[in-house]
Amino acid sequence: MSEERSGNIGDAQRRGLVGDEALPDEPAAEPAALGDEVSSLRMILTLGAAGALAGLLIVMVFNATLPAIEAHRAEAVRLAVTEVLQQPARYEALSVTEAGLVELPREDVQPANAVLVYVGFDEGGRATGVAVTAAEAGFQDIVGLIYGFDPQSGTLLGMKVLESKETPGLGDKIQKDARFVAQFAGARPPLEAVKRPKGEEGEIDSITGATISSRAVVRIINNSLERLRPRIEAHFQEVVR
Amino acid sequence: MRQTTPQQDLLRGLWRENPVLIQMLGLCPALAVTNNVENSLAMGLATFFVLCGSSLLVSLCKRWIPGEIRISVYILIIATFVTVADLCLAALLPDIHKALGAFIALIVVNCMILGRQEAFASRRPVGRALLDAVGTGAGFTLALVMLGGTREVLGSGSFLNVPLFGPSYEPWVVMILPPGGFLTLGVLLLGLAWWEERRRERVKAGGVPAGADMEPSPALGMSLSERASSRGDAA
Amino acid sequence: MSELVWIFLSALVVNNFTLALFLGLCPFMGVSSRVETALRMGAANIFVLVVTSLSVSFLNAFVLVKAPYLRIIAFIVVIASLVQVVETVIKKVSPVLFRELGIYLPLITTNCAILGLAIFQTNRGYGFFEGLAFAVGAGLGLTLALVLMASIREETELADVPSIARGMGLVLIIAGSLSLGFMGFAGLLSSS
Amino acid sequence: MSRALTFRNGVHPGDAKELTAASPIRRLPFPDEVVLPLRQHTGAPAKLLVRAGDRVERGDMIGAAAGFISSPVHASAAGRVRSIGPWPHPSGGFEPAVRIVVDRYAAQMPRRRLVPDWEGLAPKEIVSAVQAAGVVGLGGAAFPAHVKLSPPADQTIDTLVVNGCECEPYLTSDHRVMLEYADRVYTGVRIMLRCLGIERAVVGIERNKPDAIETMRRAAPRDLDIEVVGLDVKYPQGAEKMLIKVLLDREVPSGGLPGNVGAVVQNVGSIAMLAEVFETGLPLIERIVTVTGPGVRKPGNWIVPVGTKLCDLIEGSGGLDDDASEIIFGGPMMGASVASLDTPVLKGTSGVLVLSTNETRLRDSHPCIRCGRCLEACPVFLNPQRLGSLARKESFSEMLEHNLMDCMLCGCCSYACPSNIPLSHLFATAKAALRRRPAA
Amino acid sequence: MSEPALGVSASPHVKGGDSTPTIMWSVVASLVPVVASAIYFFGPSAALLLAASCAGALATEMCFGQRGTRRLCDGSAAITGLLLGLTLPPGLPLWMAFLGGAFGIGFGKLVYGGLGQNVFNPALLGRAFLQAAFPVAITTWPVRAESWWSLRGDNFALPLMSPATQDAFSGATPLGLMKFEQTATSSWDLVLGTTAGSLGETSGLVILVCGLYLAVRRHLEWRIPASIFCTVALLAGGLHLLDAARYPGPVFTLFSGGLMLGAVYMATDMVTSPVTHRGCWIFGAGIGLLVIVIRLWGGLSEGVMYAILLMNALVPFINRATQPRVFGAIEAEGGS
Amino acid sequence: MTPSNIIDSIVIVAGVCLVFGALIAIVHGKFRVFEDPRIDATVELLPGTNCGACSTPGCRAFAEALVSGEQQPAACTVMSPEDREDVAELLGVEAGQANPRVARLLCAGGSDVAVQSAEYRGFESCKAAAAVAGGGKGCTWGCLGLADCELSCDLDAIQMDARDIPVVTPDLCTACGDCVDACPKDLFVLMPREQHLIVQCKSELEGDEADALCRVACNGCGKCVLDAADGVIDMVNGLAVIDYTQNVSADPNATARCPTGAIAWVEKAQFESPGGEG
């Protein structure tokens, strides 16, 4: 696959880069049939030009598709947030920083780097809860989810798995098993995944045959809340006040 | 290089030189995304698009590409088309885009595409290059759909998300897991080899009277028929 | 720290690049008939993966900040060029090393594992050290799979494999069996 | 003196020696014809000295040694040379041989002493006399005895190992020699020690021959440093590498010779023959052969002229049983089948074993199940399993990397293999193929 | 030309006693008590399942084996079928057991060329396939049967269809209880086998005795189970001392799950274990270590099957690394 | 959105390309190792059977020898003449003259004419049988008929016939020599096709002894020596030996009076093809 291995380098290049000494392991006269000699400058320039063209093409397509892609992304976020915040009237995204939750500076949206949470409001404009995304290792690979949390009552509003590679038929029940998902609405963290629920607060009845995935969901929410809860509560105190 | 007819250019890649089943190229996407027909089809078509696009461009531009950097330029071209495909898929079919994940991007390194550029598009007129690309791309898609079909039918009991066996079908989960990919392709290859062998035997049986080509009887439980394959041992 | 360990182990066995993620199958199929070669291929792979991880960290931090949509093209160009440069240098500087490792380098350039690593690393937002752990784990995982496959293939060379299974059919079935075996590692270190 | 209790690995085939262990050594009547191949020993074949029609006396040299590692061949009976040409040889093919029609009426004793008395000779002269008398090892390999008696300068020999193991099943000629000719054995030991310029000899005898151990202990001369050791019964105890390991706890290096660890190994029969040659003044022209096995009617230990044809030997042993199915020169573990009843007894033929259909029934061969029993059996620690699969693919040069050349074809692996894989046969085949076409 | 009376053959002309079919059939025979105890514990379901898995194995061997029915005589396919059956939960539909046997023989043995050439243990490969294909069905353990005569689950589910009673029957094995509910089962129950589990999981003691018998008859390499038991006992003991609440003790670890069956009958499969003695020790130690790792830190409660399969993959490597030193080879050169 | 990202992206991609293109160019200039590209080109034209008939260890080695001028394209007997021309044209050399050779068997003693003195009980391979009392065949020089040669021939040029004698199909044989290596009795020789006179026996036995073991053995009667032109045939060790340097004067007459048929005039295949009537 190496491109230049079988080629021959141009005269200019040879003179410019290796001086006049002949390369020892090279026949003096190379057969002429093997193509015209190309200056390395031209090579580089061709490459650059091709690159520029490629860049141009890509950016044009990018610009053309960006609205649609953004729309899909926003829609996906809306669906998820609406679901885990129990149909808020509207929501707004905040960025999580060391200091707390801050409003997004509008200009440079950097969804890739910023950690976002979404605060939902009811018709009356009261903040009803916050939707948080989190991801950690599950049974197979990373499980990514979003959950809604109401700091005022201290309970969860809902949970939705966004991304998982858990075993179809087993682990993917964390996504597909409505009974399992429904348990999160109203549960009071810190949660605990158990086999046979005894009716205590914060208990989540784990899925038979997928205990590990169930526990992973619980663990992800617990860890995430543990980290963010003070900041969320602080923010809510501000908003409520 | 031997002369071929346009039909040959078109049909070759479809079956006789199928990139996945015969040449074993581009196996990663062929196994990674074929856990259902939908994904297989999407992946196949995306690859088809990239292949046709880049073959077209390469054979159009081959005069201006210096031999020394041709491969770099091919990669650039392919990468461009892949990015385009990636963006378009994300814009038009976001669910499938999500399911295919990184493997759309990995079309860039699908050896099959680079191979076609190097072996065909860079030396042939535009029309032929396109025919070849269409054939190969279709062959790739065909192989993917075969794999995806098998895996989806057994692994989910459905085809293109249409349930086939009713609700109490017990899906073979393994088929949509990684081992299922390897095993399905393996079995497919076994089947092909068996078919091929039978075909050859028939041809032989037609020409040579029966009995003449019988295997030497393995004595004492040792199949000695493979001793012929040991010639390499001096090397 | 434990995050790094998990990333490493996950790439090594749980989500082994070859056996679970289907990355880098071409060399896995092609260069796995001798243990010696497989080991060298593995070593070359680890090297390229680490180089890739480093350059991806660099590109993500400095070049692609504003234009993430250019990542495919940027990654592939940079990786391909770097590998080529390294290959040419090794070939001249140390013919011995070249014979041992260098001849595999060009093979690796067009290998999904490399670009796959770059893309996964970016998608998951891995930083410098995480990327490094990921690359080393993935490289060792590839090597492990390659070497296991090679030693098994050496063994089956002496077996009376039926004619229809000779070649890739059997290799794929062995890969499937290995993959079944590696499923035993699922959930490693994340089950608590 | 350190002594390993036993060597590692090996097998325990039933010894089946009761057939002939009690048969005293007897002489068979002279045959009508003897056939003397020129190749009867390890090394270069002898050079022909006679022509068809020549008259020869018993003990006349008819083939001369062709170099140092070679040995002369003597007429084993008085008579007339009928012809010279290819003749079936125990090694399988045809070999140039001298056919002598025995003169029924000739005195079968020579007119004069052909081998000098040893007492008065210097070691060097004894060694030359040994060569001139055509003495070779009678333990199987027929290695010229004089070579062992003249170790190269860089080897210091300190011990003579007398090999009385007779670990091959069925064979009893060494056993009988130790019982009947113990004194002659010790004379031979004395001669060898003199030649080697050493004092010490160790006699190794397996414990399934308690009478032989007893006799040899009693007969041991007091003036020499001689030790008679009873050994656990295990095949191949008698192989020189194993015997040296057991008796001296020394490991002959791979590819090396006993001389490398200071030992000379000689079979008891050879040593007795050495003494006999000097006693009678006749060169090596006869030997003791055990004729045994379920396929022969009257098993026994016979003294016969070298060159006696198999058919005569069998006839002297009462003839073949009806279901005799295979005739083997040597013991059942290492001996070679012969196809022709015309095959002559050589100097190195220690026994003739006739098996009946019962023993030679073909057993089904199964695929190797990698049970590892062949590894457990191989006394030189090879991996016959791997070697076997390589041999099946004819990967001969790869077999060399797995130390094929250390294999002594003892047959333990084949014996132990539950799948009946003819391992040692495969190795013999591979070695033959490599000899024909040396690995590149 | 006329038939010669004499024959010629290669030395040695005598043979040792055991033959491969004898070994195989004596293993089958030694499995009889294990099968009996499975039937004792699990009733007719056990007999049906064993029959189904054997049928799968034998049918595949017969249809696709290189020498058809003759191969059946060597008994190895029967062992595969029986051992596979013994690793299955009693309530499994018969069609799955059949499929497992067929897969194990087909893809674990015949593609490699049949007896003796395979790399992975066919029975375990079949089981691993089933576990990956039907993860729910194969981890559904019956709680208790009404009577000895009743079936322990929906054995007669139609081919390709789900068992009907999947949820109603599910219980947990001692390992599952330990791992997911931190509930220890008493060692006594474990040793006696009065727990939930697969057919062969509950008969630890019987298996041990049968294994001993085989080892005495030299039909089984005792070093492998010995090495597994030692490794497992040492590791489990050590960890138990560190944190008795988290890590179960050695007796529990040894007698729970399929460890006994795996160590005695499956790790010792000659074909898929090393040929050298040193290799056997290493192989066993590797299995022990992997079992502990998977059980304690992995996602699965049971690791024996995966441990053996993974070590099977390493066997060619182990064999190569433990080549014996040739007699008389200079000490320093030995090894490779 | 904004045109600024267009500029950005063009600059980034073109920049990356330029930088790395330059890097490659520089490194290449400094470190390049030359390898003749014609070798690869030649390898592609060769048949790739790696049979060794050209007396080099494989097609690539042959290509190297061709490029360096040590060999002529015609040395490869497997290539079709057109391919040979292609190679010659690529390298600008003469194709050279091919001297087609074929494998001939020096034994005709099939199971119908030769005595089997003992039954061989072992695995079916000539090499293995040869190691056991010569395989039990009466004539120790003769063909054992266990088909090692047939298996060794990659081109399927050899087939055992009903009498367990290997029959070479001359048109398929490339004279690669594999059968010569395979036969433990050294019965195969590679000869030019125009050598028609062949003694199909290696037995050193004479007269009745030879006849007793095989009906088609050379029993050393010497009639062929008399019937052939002077110096073509000689008797050595009771066996007729042909001096092929005198091949021009060889003619079919020499076979006329042979009592056993050991000497033969062979035009095409040596024996009747097993695919034919027999």
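The letters A, B, C, D, E and F name the chains in turn, as written, and every chain counts its residues from 1.
As a working rule, a contact is a pair of C-beta atoms (placed from the backbone, for glycine too) under 8 Å apart; a residue touches a chain by one contact, two chains touch by 3 or more.
Please read these numbers as outputs of a predicted model, since none were measured by experiment.
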Using the touch definition up top, find the fewest steps from chain A to chain D. 2
Using mean Cα positions as chain centres, tell me which chain lies farthest from chain D. A
Note, CA centroid farthest from chain F's centroid sits on chain A
Centre-to-centre distance between chain C and chain A (centres being mean Cα positions), rounded to whole Å: 23
Centroid of chain A to centroid of chain F, CA atoms only: how many Å? 64
Cα centre of chain B to Cα centre of chain C, whole Å, reads 21
Rounded to the nearest Å, the gap separating the Cα centres of chain C and chain F is 44
In chain C, residues with contacts to at least two other chains: 67, 69-70, 73, 77, 81, 84, 88, 110, 159-160, 165, 169-170, 173, 176-177, 180, 183, 186-187, 189-191
Chain E touches at least 2 other chains through residues 4, 6-10, 66, 107, 111, 113-114, 117, 129, 132, 135, 299
Multi-chain contact residues (two or more partners), chain B: 69, 72, 76, 79-80, 83, 87, 114, 173-174, 177, 179-180, 183, 190, 219-220, 222-224, 226-227
Touch list for chain C against partner chain B, complex: 19-26, 29, 69-70, 72-73, 76-77, 80-81, 110-112, 114-116, 119-120, 123, 160, 163-173, 175-177, 179-180, 183
Given the complex with chain A, which residues does chain E contribute to the contact? 135-136, 139, 167, 170, 180-181, 299
Over in the complex, which chain E residues touch chain D? Could you list them? 4-16, 18-23, 74, 76, 113-117, 221, 270-271, 273-277, 319, 323-330
Spell out the part of chain F that touches chain B in their complex, as residue ranges. 17, 21, 24, 57-58, 122-125, 147-148, 150-154, 159-160, 178, 274-275
In the complex, chain F residues that touch chain C: 5, 8-9, 12-13, 16-17, 20-21, 23-24, 27-28, 30-33
